[in-house]
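In the two complexes that follow, subunit A is the common piece, with subunit B as its partner first and subunit C second.
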Partner chain A sequence: MTFPSFFIQLLNGLTDASSLFLVSAGLSLIFGVTRIVNFAHGSLYMLGLYVAYSLIQALGRSPFGFWTGVILAALVVGVVGVVIEVLVLRRIYRAPELFQLLATFAIVLVVKDAALYLWGSEDLVGPRAPGLAMAVDILGKRMPAYDLLLIAIGPVMLGLLWLLLQRTRWGALVRAATQDREMVGALGVDQAKLFTSVFFVGAMLAGLGGALQIPREPANLDLDLSVIADAFVVTVVGGLGSLPGALLAAILIGVAKAMCIGVGTVRLPGFEVDFSRLVLVVEFVIMGVVLVLRPYGLLGKPPAVARAAASVPPPLRSPRWQTALVWIALLLAAPLVSDDYFAALLIDIACFALFAVSLHFIMGPAGMISFGHAAYFGLGAYAGAVLLKRAGLPMEAAFLLAPFVAAAFALLYGWFCVRLSGVYLAMLTLAFAQITWSIVFQWDSLTSGSNGMIGIWPAAWLSGKTAYYYLAIVCCGLGIAFLWRVLFSPFGYTLRAGRDSPLRAEVIGINVRGFQWMAFVLAGAMAGVAGTVFAFSKGSISPSATSISQSTDGLVMVLLGGVETLTGPVVGAGLFTWLRDVLARETDYWRAVFGLIILAIVVLFPQGLVGGLKALFGRWQERNA
Partner chain B sequence: MSPSVLEVDGLHKAFGGVQAVKDVSFALSAGELLAMIGPNGAGKSTCFNMLNGQLVPDSGVVRLDGRDIVGLSPRAIWRLGVGRTFQITATFASLSVRENVQMALYSHAGQLGRMLARFGTAKKEEADSLLAQVGMLDQAERSCGVLAYGDLKRVELAMALANSPRLLLMDEPTAGMAPRERVALMELTARLARAQKIAILFTEHDMDVVFGQADHVIVLDRGRLIAGGRPEDVRNNADVRAVYLGSMH
Partner chain C sequence: MLTRNRLLTAASALVALSFVAPAMAQEPIKLGEINSYKVFAAFLDPYKKGMELAVEETNAAGGVLGRKIEVVSRDDNGNPADAVRAAEELLSREKVAFLIGTFPSNVGLAVADFAKQKKTLFIAGEPLTDKIVWDQGNAYTFRLRPSTYMQTAMLVPEAAKLHKKRWAIVYPNYEYGQSATAAFKKLLKEKQPDVEFVAEQATPLGKIDAGAVVQALADAKPDAIFSSLFGPDLAKFVRAGSERGVFKNVAVFDLLGGEPEYLDPLKDEAPVGWYVTGYPWQDLKTPEHTKFFNAYKAKFHDYPRLGSIVGYSTVMSAVAAIKKAGSLDQDKLVAAMANLQVSTPFGPVTFRAIDHQSTMGAFVGRIGVQDGKGIMTDWRFIDGKDALPSDTDVKKMRPAN
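This part shows the complex of A and B:
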């Protein structure tokens, strides 16, 4: 690479860094004060782009129209943030952390469909910035003037935020709450007002980040999850709660991505490396390295220890075997009375039930939240497909070996993940899942890339719908039974003990990390089984099996049913899969309907469906006693 | 006198510029109760954390039965027979009282890795006999998350006894208890120590407990050991009265 093109790529990286910083700063601010991991933050960014597009259309493509449109768009998104806070999140600040996460997932779904309804599914290409559309000559290369302005906006906004936080009473409250929320509450600060205002500012920053991109990036409906992944990475690399850290990380990642594009294909003796393929992975590689070297990010500090005892998870109860027998009998009898369509739905439910139970296994009892569990589901699915089609193994062998591939990756990824805890751990799991996704997506010769693989059918003796139905039910059922059994073994108790008190576990001789690592591998292997069964039931597999939305689907299933009960994830998986199937046939806006159902459940049953129904049932029994 | 179970020699620890523990040395033999007293911030908890491996001292030696244990992890030190209870109790809140003790017993037996055995049935009698010793058998089924503070201290003691320890480190074992309960618990501890030849180091703010139960007392002030000896000698020590007891009157 010549120096001029190096310099231009550097500037390109800095341009991307500005918007990335704005989004991440908002996310970091909201997390710092409210402790809510706002998955809907990417949706707010996406809204910023769409709203700016419409406003500029309405106001005219003059410099006045453009800049008024951008600023109004940011304010509108800020107001949307306030609405979300007041209508939903304010009601569940006392609910368990994971439930708040579920609520923000639901908001993602609702916002996505609202945008689909208002702006349609076509990508919308925005106007160039009036007055700044020309290119500036730099070292013989051309650079849009607007991009140079964007480069300046990042540090300027950091300066403004710094002034706001250091020089105003509001800023002092935000800083105090970030350090010690309980103490700020104890001192009589009106937390509701503080949280609402922080949501306004945070959402506005996301909206501004989106609106400013309108001349550079078309508005589209996939931005929500891709931007939230980027913003998570930036916040975690910079250190949660640190704004200068967010800017530093945004610059690091923006520049690294631009450089990967700039370097292109490099010929080394013997082989060539195409760096542009690394664009999708490079930020996650940076995150992985940073988290392993500095577990709290570049400029972050270890989180303050919560003073009040965290809510104590109730003891786990094993499902009654009588109930289990009834279910087994019903499932075995199902093909006798149902059509092929219903059997296929039951296979889907079985796969997702095992997927959700394996996710619950590490999230609930082992206390490790994963945002990237789809990696192991997808690896199981792809391993089955690759062993069958590329290695030419018989279907039976591919089917049996595939879960071990998922387990092997869980062994590798898990080694890094168990070194962290809480949000940082969750983000690292997301990073590994994204790395997996981008490898699957780009390795054409092995995985057929974005097209996915087809023709993954079971062996002849298993290919009847009924035969495969029984295979699926038995595999997934045994997997679920195995994981549940383990939870009531000394191993399972040790996981719960390590979650309840790592300190006590250590001083009675328990290697908590070692146990967590093994739990990670078990859960990965079982998710792999679910993925393999799924792939052979569909006959095809696409990269979406390892995508973020597959991971969040799993989280929604677990949280919907309730993380504190064993049967919750199964109920959640069943309900989710069935509802999606029914709703998707009825309406194009099934996501929004689904999101609204989740929001209703979140507000009405803060312990999840199974937990909430149990509590209701308990009250009913008391009244009738 | 029997050879020392625990020998501490020239222990140092600084946090940033603050010397939390300066040149602390003492020894403890089997069946002996040694009370470590001193005002808040004297360095007692820091000392404890260095003895069971949660902190690594800047310099100094800690010997358990003659073996240097500095640099070992807490779990390795537990395996050598050191039990620990905490100033702020740490138990497994979602498990029952009995299950908490069973955890320690399983760990002692090296059977935690079993994935297909049922947890509940094995080691139940052993757990119950430990709970009976500390007077918690009647609450064995209750969840640790709902226990009174004083009862949690007893559960911790039962867990610490589960690996037949050589040495027990008890950080404020009676905090949160009624005065009569305190004396009863320390009498129980003293009986166990003598019967099972366990060396016990404890910190305590209740002077009735200290002077009633301890065989020896050492006094820490601003990280330094300022006095040590038999309880009546320490009680009459002029330095101790000035910096410690004096501050209470």
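This part shows the complex of A and C:
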């Protein structure tokens, strides 16, 4: 790269950094105050683009129309944020940690279908910025004027936000709530108003980030999810709650991407490295490295000691064996009365149930949230496929060995992950999952790349749907029973001790990290079993099995059923899989319907379905006593 | 008044009806269709309309084997595993005759493999991957659309004619883009051995960093660029490139750039002079197309996109296969698919016996702008059979089965 090229790529990186910063700033603000992992932040960004497109269309392509459109769009999205906060989130602040993620997941689905309904499926290419459509000559190369403006907007917005946070009463309250929101509440500050206003500002920043992209990015329906991961990465790399950190992280990631593209293909003796192929993973590599070296991000501080005593989840109750027997009998009898499709659906549910239970195992009792659990599901699936097709092992051997591969990776990744806690830990699991995904996605000779592998069918004696159904039910059932049993063994109690009171646990001589690590491996192995069973039931496996959406599905299942219950994840997996299957068949706008159903459950049962039903049942018993 | 004559007429009408009635009351033949409607909505909305038109026309003409047809659609959410479950449901619950549809390559391949396992016919409408008929082809799977290789091969002669020496390549980083790039390099090198590929950019699908990519390509000082971008990536690439003046004095090829789905959003910014494959619906006046075009316009008050053609022709291929087989027996259907002739809005196509690929062609031309909209100019139709490798090469690639 010559110097002019390097310099221009640096500017390109800074342009992207500015855009990234705007979205991440809002996310960081919302998380800091409300502790909500706002999965719908990308949807707000997408709405910003769509609304700006329509407004500019209506106001005319003059400088006045453009800038009024952009600002109005940001305000409109801010109002959407308020509506979401008031209608949904306000009702569930007291729910278990992360439960709000479920609500925002549902909002993503609803917004996506609403946008499809309102704006149609065709990509909408917005106008160029009037008056800024020309390019500027820099070192003999042309750089669009609008991009230069964007570079400036990032730091300017940071300055404005800094003033807002440091020099106003509202800002002081936000900072106070970020450190200790119970105390702010105790001092008589109206939390509801504060949260609503924070949501307005956060959503407005997302909307502004989107609207400003109008000249650079067509409004389309995939923007929500493509932006949300980036925004999370930037927020976490920068350090949660740190706006300068977010800008620094955005610059780091934006420039790293531009440099990967700028360097292009490098020819070394013997082989070639195409750096542009790294673009899809570079941000996750950066996040992984940063989190391993600095567990609270670049400029983040360790969170203030939380008053944990109030929020300790209730102890788990083991399921009654009579209930279990009924279910086992029903499941064993199912193939006698139904068809292949029903068996296929039950196999899917069984796989996802084990997947969700293994996720719950580390999330609930072990207290480690994972955003990247699909890595082990996918690794189990791919290990089975690779052992069968590439190593030429018989199906039975591949089936039995595959979960060990998943466990081996969990052993490796887990060693790094258990050193962190909270959202940082969750994001490190995500980083490992995305790195795994990008390798699976691009290693053509081993995994067939993006196409995925086909022809992964069970051995002849298992190829009938009924035979495989029994295999799946037995494997997944045993897996679930095993994990549940472990929770009521000394190992399980030790895990819960480490979660509820890490300090006391350490004092009495428990190696909390060691136990967490083993729990991580156990959960990984069981997710691997689920993945292996899944792959052989489909006959094919593709990288989507290790993707973010697979991880999210697992989280949604656990939260839907109830993270503080034992059977919740199983119920959640069943309901999620069945509902999605039925809805996709019965309605065109199935995502919106699915989202609305989840929202209804969220608002009615803030403890998750099983938790909520248990509470209802308890109240009913009391009344009749 | 009820006379004897009238009574007789009524009675005979009743008798006649009772002969006809069973045929009318017979269950329709169901075609099981799977697609990623929500994930690739821009392409698949028009696709669905095309299918609806084909069903309507078929049934208006009396159906096939004396029965009406019905398409039972399922959304796979862009996920192969969901698609396989939907296929299972279509076969065991809906009792569909066989499977059609799918969009992304990985879903197409997963359903193809499922069809092989179930010994059921599968007509893949849209997936572009070469592997579905070649490396990973199977006895039960047929594909309608011209593949990545074929579309690339259609553009290569144009590229070779220009005798540009330094080529830069940009492609979406997944199967389709990788195959297009590999095919382009191989085919152009054969025709023009002195060609040099000076830069290559693999961009994440839907997330191209357009400014940086355009700059990196320009730094390599290419004489020509080959792109297989589409959708939002293409729109961003076009805008960034024209703002930075990168396309000046450079010949640009874009594999799918002429398809209305991707060309129309660009409006007056459609990059004039680019070489593309696509579908010039405004100017295509063959009798087959005019008939299709008018029927489509009358039904939906919109012009057809390429997706409409693919959806329509997929259903018509299924109908033709049933008609030729004269039964819904899978072996007979598969046998009927070999060398099956189907009439499509692009003219007649044949499903080749050798690799199960149809000979559907595509239009090669250059992009122009007319009345603020992108159009194709100087276009000509290339028959799919002229863009396929030799039979010996195909046999080498396709597993014996």
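Basically, the second predicted complex is superposed on the first by the 620 of 625 C-alpha atoms of A that agree within 3 Å, B and C clash if a C-alpha of one lies under 4 Å from a C-alpha of the other, contacts with A are read in each partner's own complex, and residues count from 1 in each chain.
Rule of thumb we're sticking to: a residue touches a chain if its C-beta (ideal position, glycine included) is under 8 Å from a C-beta of that chain, and two chains touch if they have at least 3 such contacts.
If you're wondering where the values come from, they're calculated on a predicted model, not measured in any experiment.
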| item | value |
| --- | --- |
| In the superposition, subunit B vs subunit C on subunit A residues touched | C |
| First, second, both or neither for A:60, with subunit B first and subunit C second | neither |
| Contacts of A:244 with subunit B and subunit C, given as first, second, both or neither | neither |
| First, second, both or neither for A:257, with subunit B first and subunit C second | second |
| Partner chain in contact with A:497 - subunit B first, subunit C second, else both or neither | first |
| Contacts of A:506 with subunit B and subunit C, given as first, second, both or neither | first |
| Touched partner set for A:141, first subunit B, second subunit C, both or neither | second |
| Interfacial residue positions of subunit A with respect to subunit B in the complex | 309, 312-316, 485-486, 488-494, 496-497, 499-501, 503-511, 515 |
| In the complex, subunit C residues that touch subunit A | 37-38, 41-42, 44-45, 74-75, 77-82, 84-86, 88-89, 91-93, 105-106, 109-110, 112-114, 117, 129, 131, 136, 173-175, 178, 199-204, 206-207, 209-213, 215-216, 218-220, 231-232, 235-236, 239-240, 243-245, 261, 264-267, 269 |
| In the complex with subunit A, residue positions of subunit B that touch it | 52, 54, 73-75, 78-79, 84, 86, 90-96, 99, 102-104, 106-108, 111-120, 143, 145, 159, 162-163 |
| Subunit C partner contacts - residues on subunit A that touch it in the complex | 1-2, 5, 8-9, 12-13, 15-16, 112, 116, 121-125, 128, 133, 135, 141-144, 147, 215-218, 220-222, 226, 257-258, 261-262, 264-265, 274, 276-277, 279-280, 339-341, 344-345, 348, 441-442, 444, 449-452, 454-455, 457, 534, 538-545, 580-581, 584-585, 588, 590-591 |
